[in-house]
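Below are two complexes that have chain A in common, paired first with chain B and then with chain C.
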Partner chain A sequence: MKREFALSISKVKVITKNKFIAIGVALLLLDIILGIIGSIWTPYSVNASFSFSEPPSWKHLLGTDAYGHDVLSEMLHDTLPTLEVGFGVGALVALLSTIIGLLGGYYAGKTASIIIDIITITVLTIPGVILLVVVSSYFRVANISVSYGITILSLSIVGWAFGARQIRSQVLSLSNREYIIASKLIGEKSYTIIFTQLLPPILPLTFAQFLFGTLYGVLSLVTAEFWGVLPATSSNLGTMLAFISTNAAYVSNQWWWILGAIIPIIILGTGIGFLNIGIDEFVDPRLREIKLPQVRRIVKIPTDNGVIEVSI
Partner chain B sequence: MSNVNDILLSVRNLTAGYYTPTGGFYFAVTGVSFDVFKNEILAIVGESGCGKSTLALSIYNNLHSPGKVLSGEVLFEGKDLLKMSKEELRSIRMTRISFVPQYAMDSLDPVTKIGDFMKMALREHGYGELEAEKLIREKLSLMRLPPEVVNMYPLELSGGMRQRVVLATSMLLNPDLIILDEPTTGLDVIVQYEILRDLKIIQRKLGFSILIISHDLPLMMMFADRIAVMYAGEIVEIGSKNELLDNPRHPYTYLLLNSVPSIIKRREVLLSIPGNPPLLTSIEPGCRFYDRCPFRLSQCKEELPRYIKLSETHHSKCFRANENFSSLTLKPEYYEELNIGGYKSITSAPSVGSDGVALSVRDLHKVYTVWRGLRRIKIYAVNGVSFNLRRGVITALVGGSGHGKSTIAKIIAGIEKQTSGSIFLDGKDFSKPSSRSTMEYRSKVQMVFQDPYSSLDPRHTVEWHIRRPLIIHGKVKNENDLKQRVVNLLTLVGLKPPEKYLNRYPHELSGGERQRVSIARALAVEPAVLIADEPVSMLDASVRAGILNVLKMLRNLNLAILYITHDLATVSYIADEVMVIYNGQIVEKGDVKEVIYNPKHEYTKRLIEAVPDPYKEL
Partner chain C sequence: MKLPIQTIINVTKRIAIYLAAFFVAITVNFILPRLMPGSALITLLSMLQGAIGEYGANSALVSAEIKQIEEAFGLTPQPWYIQYADYIKGIFTGNLGASITFYPTNVAKIVFPSMIWSMGLVVVSSIVAFFLGSWLGSIAAIKRRSVTDAVIVVVISILATIPAFVIIMYLEMGFSVNLKIVELTFPNIKSMNLKTFLSLLNFYSVPVAGMVLSLLSGFVLGMRNNMLHTLRDNYVYYAELLGLSENTIRKIVYRNSILPNITGITLIIGLAISAALTVEGLLTIPGAGYFFGLSLTSRDLPLIQGYFLVIVVLLLVSIAIAEILYGLLDPRARGGAS
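Right after this comes the complex of A and B.
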């Protein structure tokens, strides 16, 4: 027990010491905090009107848009719903890809797993955004707006396949290790092997799936909204982009409006990138940078020709 | 021989090591000095982690960050290799000194033809096409390779041929010294024997020097002229082969020599060396072998012994080097005398009228079909094998790699399906592959794997590994009982004190300790049959004997043991019966002494000839 505790402390230390992980976590937290602030308080009401298309000033830090709304307020207000969809997709993708990857890898070669493989490859070929468009057009015909729940679901249903392939190949190689064969030989049940011996080593991969799932969710949502094919119930960064495109803000050089719509996405993407590099280093110690000691010390080494001094 | 003019290379006070990720330093080689003479084979022998590979890399000035040579000189013709510029080194490498790193044969570029690979090296040294081709042909034939090899890709060659290619490449420019780092690891015994034999013939003919790094003391005793025994970053004893063999004067050498089985001088008991080598993150003043030494004195802890000169060539780093070790008494832990006290009844009683046969295999076949284009080729991995495993008897299955030993083990263990043939356990038919994955079969047949580094789950403790089979097979009534059984099992396999090991993780154990845990896990089920697939081939010599002694002792538990190996020397030590397998067929079987001292089949004779034995000369 004590040893396990000590082990977890050293892991925490590695995580906080790793600057990539630290920066990544900080950026993700910043994005979430922006979103939470926006859902409680914004500098101006999102519906308040000011003069149109004003460049940034002390009054409006990110200027105003073509409708006279404060861009910073809009950005803050729209961040949280966007992140919710992202994290929702990330969590679901991580869950699905882990379960399917574990089963597909452990039972590789058996009929059930061949079926899983075929489904995985099929799903791999369907782009999430397209499914989202199809689903939402159905909803539009039925005259119902698409809830974020449906969005998350349809993006996740086709988003797990890539991760599942990755996890499957990892599980496949783990399943052929002798300690797994030994567990089978002593009569260990399959589910015990899967959950106590195969799941722990692939958890970092699951986490990576969550990160990329999140990014995939946010980008797909924004893309779909940008195309204007998603009749959403509330505004998010994608709807903001949709307005930018209908008003051709990039032609009239209203860069502040575009900036407002993409800042949270840039922060999220950069944070995920840093986290991913950091986790790679954490999982694979070979990638860790070896620091040579700053202060040299002298060590005395007794040898046959007397004591020699070396500095390390 | 030790004339100053004969010195080719001398290493003085070499100290090297590695920076650790946490900012510390790990010493691999500390203050090593020795000479390599002209026209000799010098072997540096030591167990894994003793610094022998680092030593070889440092000599070749090829140790890269995070490794670093801290001090010392490597003098070659009066010049220090460690102080040379890159250009000077390039002109010396291959022409004067060649280096064959470990696993070089597996590092050949798969898309470059052998001839092109060898030419590339020559082009670097300014040789033209014609000249290069002549040199390549000459060296290939020297290594007994057909000239067609130049147009082949590495994947078309066997492991032994690839190793021959690598060795031929190292000899291309007739260097004065070739440094070989574990040149035969991973090769079949017979292939290993033939390569080293040819190498020695070539060395004697051309008169260059070889510095060879190996973990295999018996093999080096056959191959080398002089031997340096390395332990924890130091050369503890150096001397000619015969001096070390007949008269070892360092306790480590003495114990190592008495830990290896030999066919020529059969030993009743093999010694093992308890404990592990020290981790050299700091340098203690005393002798590095102190913790494991049976003959230690109080002064050994305070002061590092210096070399005692025993003859012109023989030096030992021990205060007691002038004493005769065999007259000193050894503590029982070096004999691995294991107490099996309360374990007499570990296995279920044999069923009536089975004349001791626990498992019997009849006419076993395993056929793999491979497609070569549209043609289907059948490959017989196991071709009609029949044998019985009897309780209280260790049956050895011996053969080189690729002859079907492991396939038989896997079929019996229930990991693989056979193509045809039947398997009976205590008279009951378990021929159907699915019947061998039932709890009934698994409670009777267990297996110990070859690689101790992958047979334990890195994320679970030693205790967990022993607990699981006890719980699954309902061997215990309550938590206290469970704890007691785990402790008993660890004691049985010689992990003492067991409490110390309970909460350890596999990465905190040495290879030998892991293998003991692996054996304890198999025994927890209380099986009738134990399959041990090359259980000691990946272990260091100092712990190998310990595992062999454990297996030997397990026979007394009325266990039928199938010991699978390529090493006839270990067979002669522990087994009662032996079966020799060749191309999937058992070509010879019978009593161990009968087969080893009076072999009938040609393959058995070749195996016996090839087995490393310190008392043999190559």
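Right after this comes the complex of A and C.
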């Protein structure tokens, strides 16, 4: 018990000492804070109208769009719903891919794993956007929260397959290790083996699934909004980009409008990039930087010419 | 003599799994669009009348009209098993019926020509991204935790988060709107000659560049993460002790770490239509992504089904190719039973 505790302390130390993880977490927090601020307060009302397509100025830091709205206010207002969908999809994708990957890998070769294999391949072939279109057409008149919940659910249902394949192959190689075979031989229950011995080593992969699931969620939301296939009950960065493309803002050089729609996405991506560098240490402990305390000792060695001092 | 029999069993098992997945997938693709409320004719009619979806659909006059037209087109709802039998028959004979929004054009006549543009775009971009990304990833890995590494990974992550069509918007703004060296619209192709070919090349330079930038991340991170592990192998220490330069070691380890990226490129090509969805929508390229997006918004059932089928087949084939390549290229995975 004591040893386990010491082990977890050292892991916490690795996390807090890791600059990359610290920067990554800070950026994700910054994005969430921007989103929360935007849901409470924006510099101008989102519906307030000013002169059309004005470049950035002190009055409007990110200019105004083709409808005369303040781009910065729009950006802040739309950030939180986008992040909600992203993180929601990320969490569900991580959960589903881990469970299915664990089961598929542990029961490899049995009927259950063949069924899981067929389901995984099938799910791989269905693009998230399509399920979103079908499901959301039922919720055309539904209110905002329902619609985002449904969005998250539809994207997650078809988004876990890539991760599950990755985790499955990892579990497959772990299952042949001596300690797992030993546990099986002494008659440990399957769920004990799966959750206490196979789950911990693949947790970094689960975290990677969360990161990529988040990106997948945001990008799919944007794609769905681009084609206008989601019920337009609330605005998010996807609807903002859809307006940008229908107005062909790039043909009229309105770079600030496009920038406003992607700043929160860029912050999210940068954070995920830093986290990705940081977590490779957990995937492979050999990559961890170990600084051994350097204690120099003076050793006296007797020789023919008297005692000499050697420092090691 | 035991091994070949085992291999044959394994291969048949895999083929059976893929066939089963194919049938489950096409059945799901049969059910999904039929669950969608509303019909293509409603959308078509309201488009013709200039009315918006819901409004047009609710008027009694319109629904009577639709019933008339449905009967005329032979679209009157039939029991599901007859529809399913027709659907399966259509898949194997290649006759998927006529599109509703582009009536009376056959679905196959829309789907296959449009595939050329999307496949061209995605295949070319992913090959460029494969080589560029693997090279950048190997540099990041060998210079792990340096400024170079951090810059590569962070820039790549930013490019991965920005949707491809947004990158293309900025590129078009720079190169075609301001510098005026690239054409903004898809060239009008009447006959294929050198001039149309050159204008196609000119037009495609921006979407391909945009796609490459957004596809890079997978290859960079794939190479980097895999190479980090390989770099800890004993033969690398041996190479270091021999005094080989950093670049020589990078080249040796590069070849041993490229496998996941080869799997990656086959999967990206398998997902071509989804990748082209927004890019072709933005630039109105008459490719599969564009028509698939249109069919989704207009609920053109036969056309949606046609694209579904292509997506399923393309992805199954690419997963299978990835699996075969893995076996061929990695001696450890050869022989199957693991």
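FYI, the second predicted complex is superposed on the first by the 264 of 312 C-alpha atoms of A that agree within 3 Å, B and C clash if a C-alpha of one lies under 4 Å from a C-alpha of the other, contacts with A are read in each partner's own complex, and residues count from 1 in each chain.
In the analysis below, contacts are C-beta pairs under 8 Å (C-beta built on N, C-alpha and C of every residue); 3 or more make two chains touch, one makes a residue touch a chain.
Just so we're clear, the structure is a prediction, and the values are computed from it rather than from any experiment.
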Partner chain in contact with A:F226 - chain B first, chain C second, else both or neither: second
Chain B versus chain C as contact partner of A:R177, first or second or both or neither: first
Chain B versus chain C, judged by how many residues of chain A each one touches: C
Chain B versus chain C as contact partner of A:I301, first or second or both or neither: first
Contacts of A:Q197 with chain B and chain C, given as first, second, both or neither: first
Contacts of A:I32 with chain B and chain C, given as first, second, both or neither: neither
Which superposed partner A:I186 touches (first chain B, second chain C, both, neither): first
Residues on chain A lying within both footprints (that of chain B and that of chain C): none
Of all residues in chain B, those that touch chain A in their complex: 12-13, 15, 17, 19-21, 23-25, 27, 30-31, 33, 65-66, 68, 70-71, 282-283, 285, 304, 306-307, 317, 413-415, 437, 439, 442-443, 446-447, 449-451, 454-457, 459-460, 468-469, 472-473, 503, 518, 521-522, 524-525
Touching residues (chain side chain C, partner chain A) in the complex: 17-18, 20-21, 24-25, 28-29, 32-33, 35-38, 54, 144-145, 149-150, 153-154, 156-163, 165-166, 169-170, 172-173, 177-178, 184, 221, 225, 228-229, 232, 271, 273-274, 277-278, 281-282, 293, 296-297, 308, 311-312, 315-316, 319, 338
Of all residues in chain A, those that touch chain B in their complex: 3, 177-188, 196-197, 200-201, 285, 288, 290-293, 299-305, 308, 310-312
Residues on chain A engaged by chain C in the complex (per definition of touch): 20, 114, 117-119, 121-122, 124-127, 129-131, 133-134, 137-138, 140, 172, 215, 218-219, 222-223, 226-229, 241, 244-245, 249-251, 253, 255, 258, 261-262, 265-266, 268-270, 272-274, 276-277, 280, 283-284, 286-287
